[in-house]
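So that we are looking at the same thing, I have put the structure below in structure tokens.
Chain naming follows the written order as A, B and C, and within any one chain the residues start at number 1.
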Amino acid sequence: MSEAIVAVEGLSKRYGSVRAVDDVSFAIAPGQTVGVVGESGCGKSTTARLIMGLERPSGGTLRFRGEPYGSSARALRPVRRAIGMIFQDPYESLDPRFSVRELIAEPLRAHGRWRDGGETRVGELLEAVGLGSVSLRAAPTEFSGGQRQRLGIARALALDPAVVIADEPTSALDVSVQAQILNLLLELQRERGIGLLMISHDLHVVRRMSDTIVVMYAGAVMEQGPASEITARPRHPYTRALLDAIPGTSPSARRLVGRPRTASGIASAASTGCPFATRCPRVDDRCRSERPPLTGVPHAVACHYPESA
Amino acid sequence: MARYLSLRIVLGLISIIGVVLLTFMLQFLLPGDPAKRIAGPRAEPEVLATVRANMHLDDPVTTQLAAYVGSVARGDLGISYIRRRPVVDLIGERLPTTAWLAAVGLLVELTLGVGLGLWDGLRRERSRGLAAVNVLLLSVPTYSLGFLLLLVFAFKLDWLPPGGGTGPLDLVLPGLTLGLFGVPYYAAVVAESTRAALAASFTRTAVAKGLPRRLIIRRHVLRTCISPVITLIGLDMALYISGVVFVETVFAYPGIGSLQEQAFTEFDRPVLMGTVIIGAVVVIAFNLLADVVRALVDPRAQVQDAG
Amino acid sequence: MSAHVEVRDVNVRYGDFQAVTGASFAIERGTTLALVGESGSGKSSLAFAIGRLLPPGGEIASGTVRIGDVEVSSLAGEELRRARGRVVGYLAQDSMAALNPVLTAGLQIAEVYAARDGVSRSQAKRHAVEMLAQVGIQRPEKVAGMYAHELSGGMRQRVMIAMALALRPQLLIADEPTTALDVTVQAEILALARELQREHDVTFLWITHDMGVVAEIADAVAVMYGGRIVERGPAGAVFSDPVHPYTQALLATMVGAQEAAPKTPFAAIGGSPPTGAPPPGCPFHPRCAHAFAPCNGDMPATVSLGADHTAACHLLGVPA
């Protein structure tokens, strides 16, 4: 996609022999959402950190509006200004010693945007996230979890980002509050044309929020494509497993009964062959020895024996 | 574990080399002419020149350094200017004496510190008792504590010898002074870890399983306190050694500490440098030992090393 | 014929703060009651009260808890200790924190036996390995020698289940045991819990905030908000005919997330759960779409809707 704001091409990150992120590619376009989904340790958060330049990639290219950017502080400055970040835990990501005003003013000051109308900007941002009536002098500790996450979103929006990365933005919140936050993100995206990178372990949240879904396992992409395709017609056994693991919506529609029940030591990804081979129900010798490439457009799958489309 | 251990040993050796270099440079800061210390203040210039030549004092600094490092590496710390005996022998003679003192001090420190810490940590609320003991021990300077004990128990009550000897009774007052100094720190660390362990989720699990309280405390709470105590012993070792030197001086206890103190007042460079190097070796060795012991009692420590 | 577990009119207080008010429910042997609520709902306080695990300062101010023929709420001292693990067991949410980091998994199960009956050390160890096998762990001897940090989240939770079930408690309180797990592992643990229930007649009080988990595991449901049970009943009835607006909203949130079209707004409940003392009247009224005059004044009475289904809402007093 030529109009992509942020593009990731063959992105990789190794820690010693561990492939935390392995040849991941996607592009975030204005007003569009890329959802990255997978279990803990699949590399989804590392991918976000690599994009933000918080870690140095081992391979691949990161592009901002078509131009590759490196990991030097100077190259990252305009990128970081254009990417807002929303964190999982609104209790830990906001410094309790700061007031509401200071929390939102901080990114403005850091990027020299405070002088011209910083004060009014703080008011606008709070209004935009539905905190128009709170005191500017309040401390974040006086707020509920949902309000803190709204504050986190206001901070992420302070510099008018073109892209927002949301790393599990609702998993620390009460269920009755999660929907408010997701609706706020949808609304802000619609109003401002923000490109969103939504990282979550919850395939249903990702499906509802995203245009494109990237399913990751052990650092690698298992399946990637249009959101509706991935959830309605999953082709990779791992995507199928993720969907099957989601509880039903009523006691009359239980889905998790009679599943295999043994567990062995520590789960490990296969070193050669398909990373999912150790857990795959359809595994055979080819899967253990030969790594399947990611193929297919727009619905790509990395499996020797994908479910038929 | 093996990789971690060898890395730590290599790092320890590097630190010891650093200390050797530092002590070598330090000797140039000491006042007085070594040749005069040996030949006497009224020695003839020719005699002084001979002594200087024998001691290689006129050689270039680099040559002297190479010779010094070489002999230290061979275990030769030189010969005392005053006592005219090998420094290694002087230190060797006094090592057991000092080791006894250090051991008694550590025993006092651990028994009282851990005991007080547990007593406080197992109570629901922080006790005033511990706070009072801490204020007392932390606000009284060590030297006055030593002199106070000396005054009361040796001179006033005449229960214990005032010092100079090496018998078991001679160990009591110096050991107590040395140990009391560290008590507040151990008590605080133990009280905090006990409190944390009691409030921990795993203690709730143990309670929910119906374990007797005594077993919960012995197995679940105390086990998790061992690791921080060992860490503290390692961290405190450098300070502890300076405590040994000080206590030996106050009580005229004939160990390595008082040897070092005398060497300092007598400008006996080889003895001073030798005792400093020995001190550094002991500190480094104990830190290493503390890490190894901690890795043995705390399974989590091993994992961090592997990564 | 009275129920296997009976919780009657329990109030839990921490000093001046009333965390749970008038909680009552019953659980039949070999079934699961899901206690549903968000932060501040009082569900954990109620669970701790039933398991007699309230932290210092917390107390059962009034009410009774009976499990089997033991009145748990009046136990004390050695009697209480003996009841733990045998009458009522507890399964914690965060298995990493709930297992002792410096003791092996095997020892932590074995000590449950060793502390009783005069079972020998080697017998206790054998029992522990058997329990690990029973919760579906392959190579249980090896896992028995491992520490918490060496195990995956799912394995740790299986170890916790083995430990909690070691003495075959009459009631097992499961305090959000799958919340910290990946969905795939959660599915395994839920399936395991149901299988253990089928095989060994385990009775569960399952604490959760996730209606999906409730749908999978519960025979009966009690929904808590602001320290009170606002609705309870058989799972089928509560899911098909939710009466309280809060239950309705929770279900709408879940069903909507799974079925609605992409990029359309989620069904949301405004506001947030109360953090301190709940407001006067019905605790849910500040967030309720149907709130009317009496809601901010009186606490609505609990009304029976037949077949064990009850709810506390002023709308029930309004003629249709």
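Here, a residue touches a chain if its C-beta (ideal position, glycine included) is under 8 Å from a C-beta of that chain, and two chains touch if they have at least 3 such contacts.
Keep in mind that this is a model prediction, so the values were computed, not measured.
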| item | value |
| --- | --- |
| Chain-chain pair with the highest tally of contacting C-beta pairs | A-C |
| Greatest separation from chain C - chain, by CA centre | B |
| Separation of chain A from chain C, taking each centre as the mean of its C-alpha atoms, in whole Å | 31 |
| Chain A and chain B: spacing of chain centres that average the CA atoms, whole Å | 53 |
| Shared-contact residues (touching 2 or more other chains) in chain C | 150 |
| Numbers and ranges of chain B residues touching at least 2 other chains | none |
| For the chain C and chain B complex, residues of the former touching the latter | 51, 53, 56, 81-86, 89-90, 92, 94, 97-103, 108, 111-112, 115-116, 147, 149-150, 160, 163-164, 166-167 |
| Interface residues, chain B side, partner chain C - complex | 124, 200-202, 204-213, 215, 219-220, 223-224, 227, 297-300, 303 |
| Complex contacts: residues of chain A adjacent to chain C | 33, 39-40, 144-147, 174-180, 182-183, 186-187, 201-205, 207-211, 227-228, 241-242, 244-267 |
| Contact set on chain C toward chain A in their complex | 38-39, 136-139, 142-143, 150-155, 158, 182-188, 190-192, 194-195, 209-213, 215-216, 218, 235-236, 239-240, 249-251, 253-260, 262-270, 272-273, 275, 287 |
